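To keep things simple, chains are lettered A, B, C and D as they appear, and every chain counts its residues starting from 1.
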Amino acid sequence: MLGPRVWSSVRQGLSRALSSTVGGWASGEGRKVDISGIYPPVTTPFTATAEVDYGKLEENLHKLGTFPFRGFVVQGSNGEFPFLTSSERLEVVSRVRQALPRDKLLLAGSGCESTQATVEMTVSMAQVGADAAMVVTPCYYHGRMNSAALIHHYTKVADLSPIPVVLYSVPANTGLDLPVDAVVTLSQHPNIVGIKDSGGDVTRIGLIVHKTRRQDFQVLAGSAGFLLASYAVGAVGGVCALANVLGAQVCQLERLCLTGQWEDAQKLQHRLIEPNTAVTQRFGIPGLKKTMDWFGYYGGPCRAPLRELSAPQEEALRLDFTSNGWL
Amino acid sequence: MLGPRVWSSVRQGLSRALSSTVGGWASGEGRKVDISGIYPPVTTPFTATAEVDYGKLEENLHKLGTFPFRGFVVQGSNGEFPFLTSSERLEVVSRVRQALPRDKLLLAGSGCESTQATVEMTVSMAQVGADAAMVVTPCYYHGRMNSAALIHHYTKVADLSPIPVVLYSVPANTGLDLPVDAVVTLSQHPNIVGIKDSGGDVTRIGLIVHKTRRQDFQVLAGSAGFLLASYAVGAVGGVCALANVLGAQVCQLERLCLTGQWEDAQKLQHRLIEPNTAVTQRFGIPGLKKTMDWFGYYGGPCRAPLRELSAPQEEALRLDFTSNGWL
Amino acid sequence: MLGPRVWSSVRQGLSRALSSTVGGWASGEGRKVDISGIYPPVTTPFTATAEVDYGKLEENLHKLGTFPFRGFVVQGSNGEFPFLTSSERLEVVSRVRQALPRDKLLLAGSGCESTQATVEMTVSMAQVGADAAMVVTPCYYHGRMNSAALIHHYTKVADLSPIPVVLYSVPANTGLDLPVDAVVTLSQHPNIVGIKDSGGDVTRIGLIVHKTRRQDFQVLAGSAGFLLASYAVGAVGGVCALANVLGAQVCQLERLCLTGQWEDAQKLQHRLIEPNTAVTQRFGIPGLKKTMDWFGYYGGPCRAPLRELSAPQEEALRLDFTSNGWL
Amino acid sequence: MLGPRVWSSVRQGLSRALSSTVGGWASGEGRKVDISGIYPPVTTPFTATAEVDYGKLEENLHKLGTFPFRGFVVQGSNGEFPFLTSSERLEVVSRVRQALPRDKLLLAGSGCESTQATVEMTVSMAQVGADAAMVVTPCYYHGRMNSAALIHHYTKVADLSPIPVVLYSVPANTGLDLPVDAVVTLSQHPNIVGIKDSGGDVTRIGLIVHKTRRQDFQVLAGSAGFLLASYAVGAVGGVCALANVLGAQVCQLERLCLTGQWEDAQKLQHRLIEPNTAVTQRFGIPGLKKTMDWFGYYGGPCRAPLRELSAPQEEALRLDFTSNGWL
């Protein structure tokens, strides 16, 4: 639990933030922060009794720290953020901040359903050390989340956030693709620096890069399955669940893309597709955590209602790694 | 804000609940509570500065109290519950309880994403006076919410809830239809009394009635658009957004169905379809609240990111009422 | 194969039709034909070598003739019409016409992808004895089939058809729901008499009945699963795959609805839902044909690429009938 | 119209084909035909009275012949094949064959709903000069088109086809994605040489390339919007509606990809996305044909029920070209 001290500090941060001008690295010289690179969206380790296991979290981070990641995403979809209390969300970010070297970026998921709650969470995330806020689209009323509503939402959040904001579109969870025209409009906001796009539609990713080319705006692929293709059309990095277990390989794929070794990149990309699908769409967080256990990290259980894999599912998961030479 | 006294009382209730046997009206004589009838899912009134306006809430309830409703649903999808803090959710229920005559049922939406949070919220809802908990399916990870996961989730909630549990399936919001086989399994739980089904698939509703016929289990239609058809296949009532503005008419439709006056029922049902669609799918809560303003209730603004209707939308909304003779 | 004589006759019919005024039973006194009642959509029997087995077709019709059906649908989705040549489509209708007593209506599916081909097929269907044409929405380019395109298509077909036209909306096959506003516009055409709606959305069915109430226009439910509910909101009959095997029961359900015995109707409806789903969505035409074999009709094989059920599927299919007391 | 001579010749070809061993370029030395390169899917020009305008077809081909295309797709989705009679389908292919230099590949769409009809059409297409058959998935019963059904269908077609077969998956039209496991199985057939994949899911395209890497099997992107990304993950070409109007540019994009000039390729790809979307998803064949008129080809009308663009649609279409510097 976040103690009273932290909360009080959060509240102070909030009032400071709300009364100050737009902040983050975007202010001052007028250049936005560069978020290019690879990020694992870290999982939240739980004990057998479903408490957050901060010790295991730090151990995982320590091991992941050996790879040339640009930083870490905390409280993305893989972080089970909808299952955490507000205090837990902040405490996790706080602990990750303390465990990370200062040169690693910490992108903290701060999205909530209401605009107001998102603003408050974003300010609090800044207070506990997030470098940028990754804000998922509100989703419960996705039928009414048209461009106008989303532009208004993100503008308000970005206006009031002391740290840069990264848009986050993940239709598999939210039922909602942040419309391209909304992204283009929002790219002009001085405190919105990019988007994590997990939809996997590379035509859309290319179009976003194209239509925001005159802005200081960056696109991160939301999954390792289309990372190479995203680089090819102008993305600058990725937030990849798979990097939690195959961190070296995802970073190698990045390097091959950046150095124009497309043939080798293609071969490596091919071998990552099935493992990636296995730890995302096919078996979700339970699959990712199970794989982490195999690769020397702490995966552990998910919070309910997410459930452990069955034995046949586990076998299928393993096959997706062995058949590609990773286990 | 819920004061410290209430919270403390909530916590006591929780510990009592967790240490006691399954409760609610289901215990004792072995018969489950009868939830048949019509319920408006009450909206949450907000001030111009987006604070919950408890006074307006009470005024609305006072006016709605003149209709022969079986009770009220609080914190359903129309209550903007995802935009409320936990304290607000409980305080709203508490205020509604105080404003309602004892013979009106209060069904409180207590669903959260995690099983644990849902249990806690359900227990708290009981503590502040809910007669039953209406528990929406978790949705952010709907891709993994298969029957096994949902049966486990609802069983845990129902095991620990001091009040009866009503399942709540609303695919337009959650992207998830609670599978029929899960409903059938859950219908056997002594503390699960029924389902509110908002999907509008009357074949499914008939099948649920049929396959739970040996259980003490009731089905409520989740919208006025298919209320007559739902009665025809065995539903026992409805939770109808439209009842917030056309309360007399929805209750009249119920009576016509219950007394077998199907011809008149059909005529009335027909005239309710367009208005109902207008305040649900077509224009959502902003449409419902706007209509409430027209009908002498307090609608007022929604919390962001929900937005007010545009002038052309408002006109279209009005037409759906005038063309059917309601305005 | 349709011989040269028939084709020549078809062509004559076409030229007659195109030069005459709009025909069918709709002409003369200005009242449209009454299509109320129950229709089995007959299957097309094939030999082991996938030839149309006209003898078996007649045997099936002979057996089905003992039930009080209003008529028969030939070349609906269950007739495997997309797998038949034009000649076979006409020959099947011709044979059914000869096998049917004159007082049974023959609704022939005449939909093709292009408007012109649909017109020609409709005229030919009239020539070989169809009483009305049931015209499915074009579907390959469903992304462009908006109301304007569909209104234009159906108007042209109805203008040129010598027999009344029944609209046919079956989104499970076509990916397209004929929009309500298009239905309302088309209901005013003197040669369009009704719609077969297979989508199962009873709110929509009620709305169509309501908004066409001033027209001479009838709605048929497209499946037995929502037949009672459709009657309850104003439909006048149904085209029910299940009537191919449980003809007596579907006709009994009709009678119970028409005579206001809603309680008995409900009980019967309940027992028909699972068998109906089994021979439609769940196991498709292969399931329907297999069941026909069980019930003393000739089901036989489907044309490829449709395939026979596996043994476990067959068992599940049987269970859906036995568990409801039909086998 | 195809004259009697051609039909007789088609029939002879059919009997020859059915009695011979599997044919096409695949026989003999055991290497499959190489289909790599860019193909415009040619439109079918119609006169004002909706007759096929073979003269305009030849004129278009003549103009398109100046670009370094690998060949032409005839009777793809853009060819309005569902609106053509069998005779017209063959005559169009026959005319294209005559108009093309021998070194251009002619891929003819020969898919029908039934397996038998598809076999017959494929054999006929070979007879009138197609180099390979592009076979779209059957779609009316897409709910039953699982891997087993589709493998059976394509195997039968490929067994009996005298020319190589290219699989064709276009979910926007068919509601069906040819499953990856079916593609992998079918890639082993000696007479199946590749797939045209129009779904735009580049993760899937990469996976298909990866899992068929030990087969002689090629992947063509089905649209210019994801052409670069497809090359990046191992596709060898594309069937691009946009190549009907921006043929030089699409071929240039191919060359940039093949020569590893990814930076320039990316810039060009970006400028092609909006125009491509405009002539496919956004405005369909009416949009493509309108654009052809602008670019000096004959576009002309579509057959009904496809309709011409409205003036505002035309303006939006034009903007998608002008804003990217193409008009």
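The rule is simple: a contact is a pair of C-beta atoms (placed from the backbone, for glycine too) under 8 Å apart; a residue touches a chain by one contact, two chains touch by 3 or more.
Computed from a prediction, not measured in an experiment: that's the story for all the values here.
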Set of chains adjacent to chain A and to chain D
none
Inter-centroid spacing, chain B versus chain A (mean Cα positions, whole Å):
34
Return the distance between the CA-based centres of chain B and chain C, expressed in whole Å.
39
When centres are defined as mean Cα positions, the distance from chain A to chain C in whole Å is 51
For chain D, write out the residues touching at least two other chains, lowest number first.
none
Draw the chains as dots and join the ones that touch; what shape do you get: line, ring, star, complete or other?
ring
If we use the touch criterion from the header, which chain pairs count as touching?
A-B, A-D, B-C, C-D
Sites on chain A touched by chain B in the complex:
50, 77, 82-83, 85, 113-117, 138-145, 148-150, 152-153, 156, 172-175, 281, 284-286, 303-307
Under the definition above, what is the set of chain D residues touching chain A in their complex?
200-203, 206-207, 209-210, 213, 223, 225-226, 228-229, 232-234, 260, 262, 266, 269-271, 273-274, 277
